[in-house]
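Common to both upcoming complexes is chain A, partnered first by chain B, then by chain C.
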Partner chain A sequence: MNASAVVFYILSAFILATGLLAVTSRKIFRTAIWLLFSLTGVAGLYFWLGMQFIAAVQVVVYVGGIVVLIIFSIFLTQQSGKDLPSPLRRRTVFSALAACIGFALTCLLLSRYSSFRVKESDYDFAPDMSISAIGNQLLSTSEHGYVLPFEVISILLLAAMIGCIVIAMKSKPGDK
Partner chain B sequence: MLSIENITHSIDVWLYGTFNPTAALLLESLIVGLCAITLFAVLGLVLVLMERKVSAYMQIRLGPNRVGPGGALQTVADTLKLAMKEGLTPDGADKFLFNLAPFMVIVVAMLILVPVAFAKGTQIWDINIGVLYISAVSSLSVIGILMAGWASNNKYSLLGAMRSGAQIVSYELSAGLSIISIVTLTGSLRISDIIDSQQDGWWLFKGHIPAMISFVIFIIAVTAETNRAPFDLAEAESELTAGFHTEYSGMKFALFFLAEYVNIFIVCAIAATLFLGGWMPLHIGHWTAFNHAMDYIPSSLWFIGKTFFLIFVIMWFRWTFPRLRIDQLLSLEWKYLLPLSLFNLLLMTLISIKGWHF
Partner chain C sequence: MNQIPLSHILFVSTALFFIGMYGLFTRRNMITMLMAVELILNSVNINFIAFNKYLYPEKLEGVFFSLFIIAIAAAEAAVAIAIIINLYRNLHSIDVEAADEMKF
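Let's turn to the complex of A and B:
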């Protein structure tokens, strides 16, 4: 086991442990913080893979954006100091069952398609991961370009933004 | 010629010659970590002293003048005092998160240090996504503040944390857009590429008016992001006692204090890198003789000089402008700075496509 593998196992153990804590903690704010650590660990895994752009995007979107949003909504809505009520027994059983089935499915897929495993020779093939390559691919109109999904997602986000503004807009007391 | 680049290179060669690669890498990481911690300690001492001296100068008084020559050892004495104090954890607090928050803040400050170029060839990791990494990691610092404010179980702390969260999340947009406007000129996110592109002049001068506008916006935005006056609503002492760190004492308080000053240093270093050429000496176009004369000043001095000049400007703000109200603060960002920086980005893109910059 070389140093790289040690780093991988440490990162994975960190992600799994904090993920487990996130779903078992009874304080809702702590849950958000454990989720944050788990997502940061995933970003660390991307760094370990050498995918720096994805790692930075993971931090920006999930950690800096979504978790902050979650924390704000906890602050504004929940009585965040109190312990959450313990979940129903039935729900616990079903969630555990669902998690086990998901794990089994992943294992099955991995064992069946193990031919996709990265071979030593594949390491020579290094994809172009520079920012300009990603940017060109994202906006290219050629066969493997991503300009159409990019634009569709932009319109979706714009619609969501306008929807938020309309919901949040207060009408002045005078006009109806 | 003795330079930091040569010293680090010779240490690197010696380590790899003496030990096997894994041990050498570990030792290098250890040395870099020790250097970072030392830098933090020194920065804390120097910047707090500088703040007190600058504020004294602005208010026509002497400032600290008893401990050491001209009061130079005052902050060392203060640090010793803080280290002696008891680190109290309130009874009603969430003890784990309360104690975790200061470390979170300081670790985030350390992580942002990674791609900063301190001198020619002196950089911890010249990462491919340099400035994106910086803006990504700096968005984490809000988590530590929110954690501290919530875990203290104190209304003032919670209010301070909420304000700080709203403030940092909003001003990140303007700071990011100003960074992007420089990236459109350089065409690269890598810090070393950005510095190399300023070989014949700094972007502040080469990029015409839009570069100056984005420089001003960036300075305003980072002043807000580091919770400095006139945007220090997170700790507004006249309204919230001390905001999110009301309940902290001893070394835990000192870590928040240290993180604030280190963050100021880092954002000023980034501003110096993006707009004032980082360690690049003042070069003007093709004036070869002038450029050579400027090269005699070591690159580390250029970097430190520019950074400390910007730190001085930010301290100057603190003692000049009155504090904003929270609604004024948010309308300043969303109604004025954000549209301005979006428009400025378009203008900058036009300049960079047409090649109008020098």
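Let's turn to the complex of A and C:
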């Protein structure tokens, strides 16, 4: 086992442990912080895989955007010092059972059918090459270009932004 | 990176997916349910990136799928939080059990 493998196992243990804490912690603010650690660990996994651009996007959008938004909404909607009510024991047991059975089934399928034809990855992007290739292909109008989904996503983001403003707007006391 | 078989990365993403599913089932608070959904989306992204890197290292389609998933997750989180804040204004609670009527 070399250093790269050790890094991978440490990263995955970190992601899974903080993810588990994020769904089981009783204080909602700590939940958000554990989620932040888990998402940072996923960004580290992307770095480990050699996908620098997607790791940077993960850090900027998830860690810098979504988690901050979630923390703001926690502050807006409840007292962060209070404990969450603990779920019903029956529900906890059955959810854990469902998750464990699903995990076991998927692992069984994976271990049985995981004979992928993995290419010898001698072809490795230099990081700046990879990013310029991503940019060129994302905005190209040729056969394998992604300019149409790119524009659709931009319209979707605009619609989501307007929708958020309309939904969260305070209605005046007079009308309604 | 080549010493780790692809199936180990898939095991990690499967575990993350079912952790998120467990959270989605047990939590009754809307914000924590939203966090569980984010974990699930992240596990899918790990799969896309790992398949792209291991099976087709000369192509970039997995990267684009992950980018679009991240963009849609951001839009979804923003809309969900707007809805949660609106519900909190009307019901003074963000428990899903409290939101049991479809009247505004």
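One rule holds in what follows: the second predicted complex is superposed on the first by the 143 of 176 C-alpha atoms of A that agree within 3 Å, B and C clash if a C-alpha of one lies under 4 Å from a C-alpha of the other, contacts with A are read in each partner's own complex, and residues count from 1 in each chain.
Here, a residue touches a chain if its C-beta (ideal position, glycine included) is under 8 Å from a C-beta of that chain, and two chains touch if they have at least 3 such contacts.
This structure is a prediction, so every number in the text was calculated from the model and none was measured.
Taking chain A as the reference chain, the count of touched residues is higher for C when chain B and chain C are set side by side. Of the two partner chains placed by superposition, chain B and chain C are both touched by A:Phe53.
Judged by the touch definition given at the top, the superposed model places A:Leu110 against chain C, while chain B stays out of reach.
When the two structures are aligned on the shared chain, A:Leu45 is found in touch with chain C, with no touch to chain B. Contact with chain B, but none with chain C, is seen for A:Val63 once the two complexes are overlaid on the shared chain.
By the touch criterion stated above, A:Ser142 is placed in contact with neither chain B nor chain C. Once the two complexes are laid over each other on the shared chain, residue contacts for A:Ile134 go to chain C alone; chain B is not touched. Within the superposed three-chain model, A:Leu20 lies in touch with chain C and out of touch with chain B [touch as defined at top].
Looking at chain A, you'll find residues 53, 57, 65 touch chain B in one structure and chain C in the other. Across the interface of their complex, chain A is touched by residues 22, 94, 96-97, 127-129, 132-133, 135-137, 139-140, 142-143, 146-147, 150, 153, 158, 162, 165, 169, 172, 187-189 of chain B. On chain A, the positions that touch chain B within their shared complex are 3, 27, 29-30, 33, 36, 40, 52-53, 56-57, 59-60, 63-65, 67-68, 71-72, 75, 80-81, 129-132.
Only residues 1-2, 4-5, 8, 12, 15-16, 19-20, 22-24, 28, 31-32, 35, 38-39, 42, 45-46, 48-51, 53-54, 57-58, 61-62, 65-66, 69-70, 73-74, 76-78, 84-85, 87, 91-92, 94-96, 98-100, 102-103, 106-107, 110-111, 114, 116-121, 123-124, 133-134, 137-138, 146, 149, 153, 156-157, 160-161, 163-165, 167-168, 170 of chain A touch chain C when the two sit together in their complex.
In the complex of the two chains, the chain C residues touching chain A come out as 1-12, 14-16, 18-23, 25-29, 31-32, 34-36, 38-39, 42, 45-46, 49-50, 53-58, 60, 63-64, 66-68, 70-79, 81-86, 88-89, 94.
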